[in-house]
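Below you'll find the structures, each written out as structure tokens.
First chain A sits with chain B, and in the next complex the same chain sits with chain C.
Take a look at the complex of A and B:
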């Protein structure tokens, strides 16, 4: 078991899953549910795979193009989806993602329905550097005015509008950021698994992304991180159960959500941990005779 | 300052507001009263474009605002303080005050940069402090909405409207659910705001409060404007008395 958990492939997939969970969490933090994540991941995977394998471009360029194109596509999905309201907007993003999947099948250069071989480029250090940068970005986002604006819109769209916030703009921005992060996951996935095919980017991938965030808790980014780690490890831990593995996996998700409907990590947990950390730091400063730093 | 002209809103067969015209003068407290279901809150929602009027027009500072979205109306200086206490529950009182779209501080991606617009941010935080002190809420800045009293939550909403740069405040039943001492404190706050040059348009069920602080009052009943004038004129208007108490035949 430990051997599997330390293989580069497992470490890569764990990092990619964290990116998936956090990328779904960002639009959700602005009250937007993305069902089109699979399409965004697929677009970046196909595009970056084609750039490195078919055109021989350097991997960093593929990363930037993947992030950029998925981010812009996510923003477009959102702009189109926002013509409808609530769940209809989410369904609209799913429909757009399905169009992307159909397009993958129709492109002969990328192997059509059979898919194509991508030159492997990623190592766990590359994936985890990406994960660390994305987490740092999201951590900063949550503490910024933009993060508070997202939170306000999630709580009440109407109140936010009457406070002078252009809610449509912020929703599109949230989708764009989440799309960009999903794009990075797609680029890493393509260059880790080395084989991409249209069947990979179905609704199941979207379900996986939001399951990470829901099980972990979608009030903070740490929930998405915890959910991705917990469920990825869980799936590996029950590998011995063969065909019963998915059944056990589903049952455990139901149990977790039954006992912790807000997910494994809530905002209260994070706040409590923050207070504990600041108390420890204050205690250490007092012990070393240094003045404490004002909180604001 | 605010001119509402022949505004109408019907929901199917229900005539929520019919052909209502009201003018709010700058620096005054204008009350809007009427029995339940008279269309008072609907009128506020029409002013702020939470609802779209069927017909009529609204002008604010000589600018037609009927075609603007909610955020555009807010940016012109109209602050809507909702009937329900709508502070963002996941944020402290201080953080709630910072969620304003009408300040010069950037709320976009650039706000992620720690030192970007440091001066503007400090200025905004100073303003928040000043306004919260005015409402005796500064010491409660670290508390979350569920840790505040109902009265404090209501007054915090007014404070947020001011921080957001509103010159006209639409207060929807601000004293609802308050005890008598909280209500008195609120009255003092509203009068103080008028002295500072703010214009107040207030919906209120507590007639004693309305009669005590308003310069003019408009009365709605079944979505129709039935009376308008000074508090004493309205109090003696037969149509108003009938709307509140009913006629002999009823």
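Take a look at the complex of A and C:
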């Protein structure tokens, strides 16, 4: 068990899963449901794989192209859906997922339905640098004006539009950022597994990413991170269940959301953990005698 | 050309039926019932169990499928919807129903195998001649049954007291509760009827193609969502018309262009419709306003 946990492949996949969870969390933090993550990941994986393997371009260029194209695609599809209503954006991303798989199967240059071989380029250090940058970005985003705007829109669409916020613009932006992050996950995935085929990018990949975010908790980004780590380890532990693992997934979603609709880790939990952490730190300082606050 | 259009209409009547199943739940609770796709698959698999596995007579299919649909509908309402609609966010019910669908798909594919399950009926290869074209008799059955079910549903919703109370809950749950309607019962009933339509359309699709498949829901029935949006939110005639047009478009794509692109046709049409007419073909603006 421990040996599996320290292999480079497992570390890569753990990092990619965290990216998936967080990338799904960003539109969700604006109140938007995305079905299209499998499509966005697939587009980035195919495009970057083709760039590095078929055209021989360097890996960093492939990363930027993957992030850019996925982000723009996510924003475009959601923008068309948002002409009508929030839930239409979710259905438009479902359309994106369905169209993308058909397109991957139809393109002969990337092997059609058989898939194609990508030169592996990713090491755990690259993946985890990416994860750290994305987490830092999301952490800053949550605390910025933009993050608070997302929060307001999630809480009430009508109230935030009466406050003069262009809600449609911010929702499209949320889909764009989340799509870009999903694109990064796709680029890493292609260059880590090194074999990509259309069957990987069906709707079940989206189900996986939103299970991470929803089961972990979709009020803060730490929920998505913890959900991704917890579920990846859990599924590794349930490897003996083999064909029944999807059943565990489905039951987990139903049970967790039935009894705890905002996921396992809510905002109160994160705040409580933060307070506990600061209390421990001040306690230590008092004990060591340095910087202690004089008591009356 | 004529025979392809006829085939398209037959497939489209079935698509219209699937879309009605989605539209019924959408009209009353404003949520997308994602488990409908797997209920559709469940109907076809029940048909396979009755006809191929147990070798029972064809007549027994109808009661088995209807009872199975009713049970699945009640389970969906109880396990996925009752707790999560109280949250008020549109995406908790979407996620829980997807979770339930995942459970159903896994059970069926592990128990019966992830390969096509043959459904054979005695009249499978009989043909009906219509002018110069000859059509399989199963397609004709599918066409007439679909329209029969649509007619019954329309009568139920427009003429009976229960149907009126269903529509009242869809208009405004609080006020209808004040007027003495048991909203929980009405919601349960809606899920039961919607799932019964789902299983029926599943077995009809099974008759048409001669096989059931554990993953058919994902490939076929999800198109129902797209047809609801093409037809216009909350408009039942819109869903049926969109279904028929979509069926024709899909058959023509697979014949004159390539089978590879057939699965994406409807989603591309939806893309174009939303681009130029955000309400859908026959949608009303006030229905859109009521969505979350």
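Methods note: the second predicted complex is superposed on the first by the 252 of 296 C-alpha atoms of A that agree within 3 Å, B and C clash if a C-alpha of one lies under 4 Å from a C-alpha of the other, contacts with A are read in each partner's own complex, and residues count from 1 in each chain.
To be clear about the criterion, a residue touches a chain if its C-beta (ideal position, glycine included) is under 8 Å from a C-beta of that chain, and two chains touch if they have at least 3 such contacts.
Small disclaimer: the values here were computed from a predicted structure and weren't measured.
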Which superposed partner A:167 touches (first chain B, second chain C, both, neither): first
Partner chain in contact with A:137 - chain B first, chain C second, else both or neither: first
Contacts of A:33 with chain B and chain C, given as first, second, both or neither: second
Partner chain(s) touched by A:277 [first = chain B, second = chain C, both, neither]: neither
Chain C versus chain B, contacts on chain A by residue: C
Which of chain B and chain C A:145 touches, first, second, both or neither: first
First, second, both or neither for A:64, with chain B first and chain C second: neither
Chain B versus chain C as contact partner of A:159, first or second or both or neither: first
Overlapping contact positions on chain A, where the chain C interface meets the chain B interface: none
Complex contact set, residues of chain C against chain A: 32, 79-80, 83-84, 87, 89-92, 94-96, 98-103, 105-107, 109-110, 218, 222, 225-226, 229, 258, 260-261, 263-264, 267-268, 270-271, 274-275, 278-279, 288, 291-292
Residue ranges of chain A touching chain B (in the complex, touch as defined): 137, 140-141, 144-146, 148-149, 151-152, 155-156, 158-167, 170, 173, 219, 267, 296
Contact footprint of chain A on chain B as seen in their complex: 48, 50, 69-71, 73-75, 79-80, 82, 86, 88-91, 94-95, 98-102, 105-109, 111-112, 114, 125, 160, 164-165
Partner chain C, residues of chain A touching it in the complex: 28, 31, 33, 80-81, 83-88, 90-92, 94-95, 98-99, 102-103, 105-106, 202-203, 207, 210, 214, 243-244, 246-247, 249-254, 257-259, 261
